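Take this structure first; my questions come after.
Note that the chains are named A, B and C in the order they appear, and that numbering of residues resets to 1 at the start of each chain.
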Amino acid sequence: MSSEVLLEVKDLNVYYRVYEGLMHVLDDVSFSLVEGERLGLVGETGCGKTTTFRALLRVLDSNASSKGDILYKGCNVNKMSQTELLNTRRTEMSMIFQDPTSSLNPVFTVGEQISSVIRANLQAKGINYSENDIKDIALKALSDVLLPDPERIFDSYPFQLSGGMRQRICIAMSVATERKLLLADEPGTSLDVTIQAQILGLLNNLVKTTGMSVILATHSLGVVRETTDRVCIMYGGEIVEIGPTRSLFANPSHPYTRALLACVPKLTGEGIAEGIPGEMVSYLNPPKGCRFQPRCSFCNEDCNRTKPKLTLYEDDHYVACHKADL
Amino acid sequence: MNDKRCDNFGSFSDKTRRAWYRLSKNKLSVVGFVGVVVIVLAAIFAPFIAPYPTHAGKVVDFLNANQPPSLAHLCGTDPMGRDVFSRIIFALRSTLLMGVVVLSISVPFGTTMGLIAGYFQGSLIDSLITRLTDIFLAVPPLILALSVAALLKPNLMNAMLAITITWWTWYARLAYGMAVTLNREYYVRSAQLLGASWMHIIFKEMLPNCLSPILTKMTLDMGIVIMTAAALSFVGLGEQPPTPALGTMISDGAKYMPTQWWLTVFPALAIMIIVLSFNLLGDGFRDLFSTEEKQ
Amino acid sequence: MEIFRFICKRTLWSLVALVGLSIIIFTLSRVVPGDPARMALGPRATEEAVEALRIELKLDQPIIYQYFHWIASVLKGDFGLSLMTMRSVTDDIKIYLPATLELVIVAAIIQCVFGILLGVLATASQGSYMDYFLRIIAYIGVVTPSFVFAVLFMLLFGYKLPILPVLGRTSVGLGVQPITGMIVVDSILRCDFPVAVDAFVHLLLPATALAMNGMAQLARITRSSMIDNSERDYIVMETAQGLSKKEIFFKYLLRPSVIPAVSVLALQIGALFANAFLVESIFNWPGLSRYGVEAMLFKDLNAVSAVICIVGFVFIIANIFVDILVAIIDPRVRLKAGE
């Protein structure tokens, strides 16, 4: 594994302006990724995984604003010109969206949509192409994601296909042309378990064969353990723990990480876990200290007052908790 | 977060206050609301507001005929010497009355029909009601209203009747669509299983859930009913002279164009302002309800 | 194909509805007080003459008989005698319908093209002064009845700034031998271009006055649906994949967004016909709608029923046309209609 840093995120903050006020969703998110690395992003729904991804590509909703540095190969995404940004999106990073049913345009054929993406990529690379070349690339991408009868799917509309097929098409679109970094946002979560497993297996193979870097957002710890090199645990828009997968699973040190691990249902018949009491933080009015503190059973005055910083816990394993030694 | 939850589960008056607060945040809806209030007050207190209250009737004052707008006559005078401004104020009465009467008959009727048809979807009563609405929607509503009004004796009552019988179908359609969706809701199904009567389900379970879109449509429709009424009175089917009606004033004034332009321009402006006020208010309601749904 | 079965079924039901409507209109016209025969002949006609006309018009027969008699002749293309013009209603319609069609078609084209264009323009300049300006214009367009537009346009462009003709279909003395009855089409067919230009210029004001309402409505629908759709996942996904702004806006955003605008077209074409009833009278346009209003005020029942039937029929055709248009734009309708 080369150790060239591909992506470095420093103090990323994202705010949403909503009717009730200003939501502070991402709070000083920082992490980095080296080439070829597979990073897992874990947290419950609404913890800011999708927002992080969209901030990386600068495709946040119009009521959102993002501050901080996103250095991709040393260039700051937040300060790129429109052309640079387009080129980055076309040739460097690509994102697989969470919900395959809504992320394909309903009134265009799959072929038209995937061809547009390929065309944009080829244009950015300055390669001469014919429409036939594009179709060949598209068909290959569709068969790469194990879709049967790519020719027929190329001419179909999204509503004619099942959820699993649509998810594969989204993946095909993202990997049809070579990219350096793939942002996979809970691929297959909205589908049933067997298909989800297939999709993840597929993704894993694609990543292995092409050697690209991946950030995989999910709330399944099992998936993360199998498929990533490092894991980053998010809670309420903050990174609470980050470290090599093995070390993190062996020594979970943030109370939230431990609680998450305890929530995983066992197939050994020990009953259902209790879950984590309390509810997700309010982004409108987040607690001053640790964001997890209202739900934490170890918290004290200190947690109430000051925000814990990510500190080294053991080899490359960081945790943001005043009580991490407990 | 906690504050918000309290609000969502708050009492009815809490909700109303919150809705009012949100509405008041939208400047355009406030403009609309103020406009509607002013228009309604002007119509009610017309005899006190109009500078020449007698000019609403059959008054002739040839000395002052065809005066252009001035301080004495804000909107000028007509060929009979009557003050156009006073006549516009009095015309508000029939205009608003028209809208209120048409909607207060056609909305409850149409909604009930639509809910019944939707609840008994697929039955004989459904197809009967659906075909009946189809009949009324077979030609554009204004044409139907014009022909019905023309076949009856031309007066305000018959114009109202004509518009009402073309109007209920829209609410039937709207309520039908909602009832069909609500049929699949579990609370409706559970009410059925508990043996609630269809009357109970339609009026106690379904109706409250259809109210906000219907109210929104009503406010927006007020403007359209007023436009339709003006069109009817424009061809002489509606309030009969000497009682003023905005449409009649425009069509009479059009004969004296271009020299006595004030005879047409001011009644035209009056229609535009009335309809605009109701539309702004209606848009405000729509935004209000749609954001509440999103939460 | 499914879509054709769907359209056929809808058309059939519309025809049934039209028959139902004719029954209602017919009944209403016969039960209202007032003697059509007396109205036709005027107060000074003798009682015998009126009675003779009553018998000739079958007004002395039971209403059901009258209805079946009427519908039987309508199916043969005979709408009876107009009491107003004392000519066959069918002949009258042949003269007046093309003028209205010409007007409504031009108005429909104006409102579609400019309505959607203005909506797109407002979306593209969202938040700028241009956007506010266009939205105010659209608001005014929505709240002003088209007959008010007609009167104001006439005042403005006919008298204050006389740049466009305001009365009639052509200038005095110009004309063309009818083929379709639509003067612009006929004069082009006969290669008489000065007349075509003249007739087209005469069309502009009434057609624009008619189109204003629908244009404003379309602009508002287009703008709001484009803004709604622009935050959909698929648009975000396309942006994230690096498609150019131009391609996203004009291809991937525009097409799904015009569907709601196109869907209201059928209703709008109906509204155009309805508003033509007033606008034609103002611009002295010798069309079916003006004829209809006059017939209504004259209580000329045969003519009124005929006009309603014709308008209802055109309305059905407009509906079919719009259904097909929506099916072309929206594959979900095209391929799923039968489900």
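As a working rule, a residue touches a chain if its C-beta (ideal position, glycine included) is under 8 Å from a C-beta of that chain, and two chains touch if they have at least 3 such contacts.
All figures in this text were calculated on a predicted structure; none of them were measured in a lab.
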item	value
Farthest chain (mean CA position) relative to chain C	A
Chain pair, most C-beta pairs within the contact cut-off	B-C
Centre-of-Cα separation between chain C and chain A, whole angstrom	53
Centre-to-centre distance between chain C and chain B (centres being mean Cα positions), rounded to whole Å	23
Multi-chain contact residues (two or more partners), chain B	none
Chain B - residues contacting chain C, complex	131-132, 134-144, 146-148, 150-153, 223, 227, 230-231, 234-237, 247, 250, 253-254, 257-258, 261, 264-265, 268, 271-272, 275-276, 279
Residue ranges of chain C touching chain A (in the complex, touch as defined)	231-244, 247, 251-252, 255-256, 259, 329-332, 335-336
Chain B-touching residues of chain C, taken from the complex the two chains share	13-14, 16-18, 20-21, 24-25, 28-29, 32-33, 139-140, 142-145, 147-148, 151-152, 154-155, 158-160, 267, 270-271, 273-275, 277-278, 281-282, 292-293, 296-297, 299, 301, 304, 308, 311-312, 315-316
Touch list for chain A against partner chain C, complex	54, 57, 59, 61-62, 86-91, 94-95, 97, 99, 102-109, 113, 116-117, 120-121, 124, 157, 159-160, 170, 173-174
